[in-house]
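Next come two complexes built around chain A: one with chain B, the other with chain C.
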Partner chain A sequence: MTDTVGIVIVSHSKDIAKGTADMVRQMVGSEVKVAFCGGNPDGGLGTSVSLIIDAINDAWSAKGVAILVDLGGAETNSEMAVEMLEPARRELVVVCNAPIVEGAVMAATEAAGGSSLAQVKAVAEELSAD
Partner chain B sequence: MLDRADGQTFIGNVRLVHAVGMHARPAVKLTKLAKKFEAQIFVRVAGAAEWINAKSVAKIMAMRAAHGSTIEIKASGSDAEAAVAALVDLIATDFPDGAS
Partner chain C sequence: MSLQPETFKSLVKMAAEQVIASAPELTTLDQAIGDGDHGTNMKRGFEAVLGKLDAISAQPLDEGLKMIGKTLVMTVGGASGPLYGSFFLGAGEALSQDKHLPDDLADVFGSGVNAVSARGRSQAGEKTMLDVLVPVLETLRTAAGQPDLIARVRATAAEAVERTAPMQATKGRASFLGPRSVGHVDPGARSSCILVQAVCASLEGQQ
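The block that comes next holds the complex of A and B.
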């Protein structure tokens, strides 16, 4: 497998985002690109559209990018970040409806096997399907 | 150990020696290894009613196999024999780092 879906983690807290990314790297390995962002530019809690776009660019893969978010604004700002991408890339980025830590680990595990973006999203969302 | 080969289906049994059973990290390793094979692969705690898809990390994590339990592995497809052998080895060697 030459390329794997990238993972972006967006939390209100930079510590949570970083900790989640650390868990993914340690549990799944380094073959999947993982980027994270958390907090507003002033260092407080929050999410920032421009930081999310930076994270998407860092995790970019030709197979696409799956975003895992925590609460409300993380989701709406992630959707806004996706809308601000060029149309051709927009379709290669999805926001997963999944718990942030579990979803990130499962999405990355699926991505490591070379699965498509749709498969990665479906696996992350298995947790919220029941 | 490979117990029997029934046509294209291979079955293996292995004791789970991991101290805390099938928790998150072993589940990720097992799933990643299973995905490297073309074969359909299922696992269960010996005697359990349902077989679980070994390529589904969510289901493997949820199987809650305890330390000391026996895991049954069943695979069918072109590389089924190798798949069962690889998964038996992973579990028997206690999910070493680097093996995925």
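The block that comes next holds the complex of A and C.
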């Protein structure tokens, strides 16, 4: 099996993150690694940098990892998590500017075909283009 | 103004305690124009800082500031974690480079402010914590070396936070409200004011 870009889903709600990951797995299959996280460090609504780092490592692929986020804090915390990775990995992780559910499905579909990280990100972000 | 380890420790302690005590107020402000979690998030972050207070104050100042930053990043759970975390990481990094206290206070603070601005891709005038931090930085520059510096910083922070009320938010969750964000003080500006004033109060108490 050729390596495919991994997908990380970061929502303020663990239920939304899990539900999105379930949809990706059902629609795209299991050849793409998908990891998700949601909730603040106390388990309430929010996001946690350490959980995001764990999810990136879980979905890790030599081709890189694309992160899909919901609202502001999820994006800021994801960017922070990327910066806290070891330097060699930072360049291989991107945060996509795309709606979380549609973006995750589109990104995973693109990744399943063996596309590069840049292609996966571009396809997800087409959803945000006017 | 010198910053001995004991001074640093009591300063961090007072700042953390003030933020924790203000959590209900911050939450109320955030319920008006945000998602209502700023108080509980900041409380969680600064309780974690208090929990590490001995370790933080045992570090050289630059490393101590970075430890505060990293603690906030890992524990706050909202955008304010990376934003405040970046402030302390940025300020600590300036001290790790070539800056020294007290002479370079404005540059060190400015390095923190720049880090917040970069992290949030935001500038002053967008109804955020930068609307307190940037005016405070200006006062630190213009009033450097003046005997009433601390009083002027306090006054600047208090005035700056009130000036966020008529602003319309263009960054952060409050921007979703558009014109409806007008008339409310920004919660991030308020928490920045609380931190700045707590540091001032701590320094005044030790003079």
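Here is the rule we use: the second predicted complex is superposed on the first by the 129 of 130 C-alpha atoms of A that agree within 3 Å, B and C clash if a C-alpha of one lies under 4 Å from a C-alpha of the other, contacts with A are read in each partner's own complex, and residues count from 1 in each chain.
One rule holds in what follows: contacts are C-beta pairs under 8 Å (C-beta built on N, C-alpha and C of every residue); 3 or more make two chains touch, one makes a residue touch a chain.
Everything numeric in this text was worked out from a predicted model, so none of it was measured.
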- request: Assess the superposed three-chain arrangement around chain A: do chain B and chain C clash, or do they fit?
  value: fit
Partner chain(s) touched by A:A66 [first = chain B, second = chain C, both, neither]: neither
Touching partner for A:E110 - first (chain B), second (chain C), both, neither: first
Query: A:T76 contacts which: chain B (first), chain C (second), both, neither?
result: second
- prompt: Of the two partner chains, chain B (first) and chain C (second), which one does A:M27 touch, if any: first, second, both, or neither?
  reply: first
Query: After lining up the shared chain so the two structures overlap, which partner does A:C96 touch, if you call chain B first and chain C second: first, second, both or neither?
result: neither
Chain A residues touched by each partner, larger count belonging to chain B or chain C: C
- prompt: A:E126 contacts which: chain B (first), chain C (second), both, neither?
  reply: first
Statement: Once superposed, chain B sits from chain C at a minimum Cα distance (Å) of 26
Message: Going by the contact rule set out above, which residues of chain C touch chain A in the complex?
response: 35, 37, 40-41, 44, 73-83, 85-86, 119-120, 172-173
- request: State the interface residues of chain B toward chain A in the complex, per the touch definition above.
  value: 24-25, 28, 31-32, 35-36, 55-59, 61, 100
- line: Per the touch rule above, chain A residues touching chain B in the complex are 27-29, 105-106, 109-110, 112-115, 123, 126-127
Complex contacts: residues of chain A adjacent to chain C: 40-42, 44-50, 71-73, 75-77, 79-80, 84
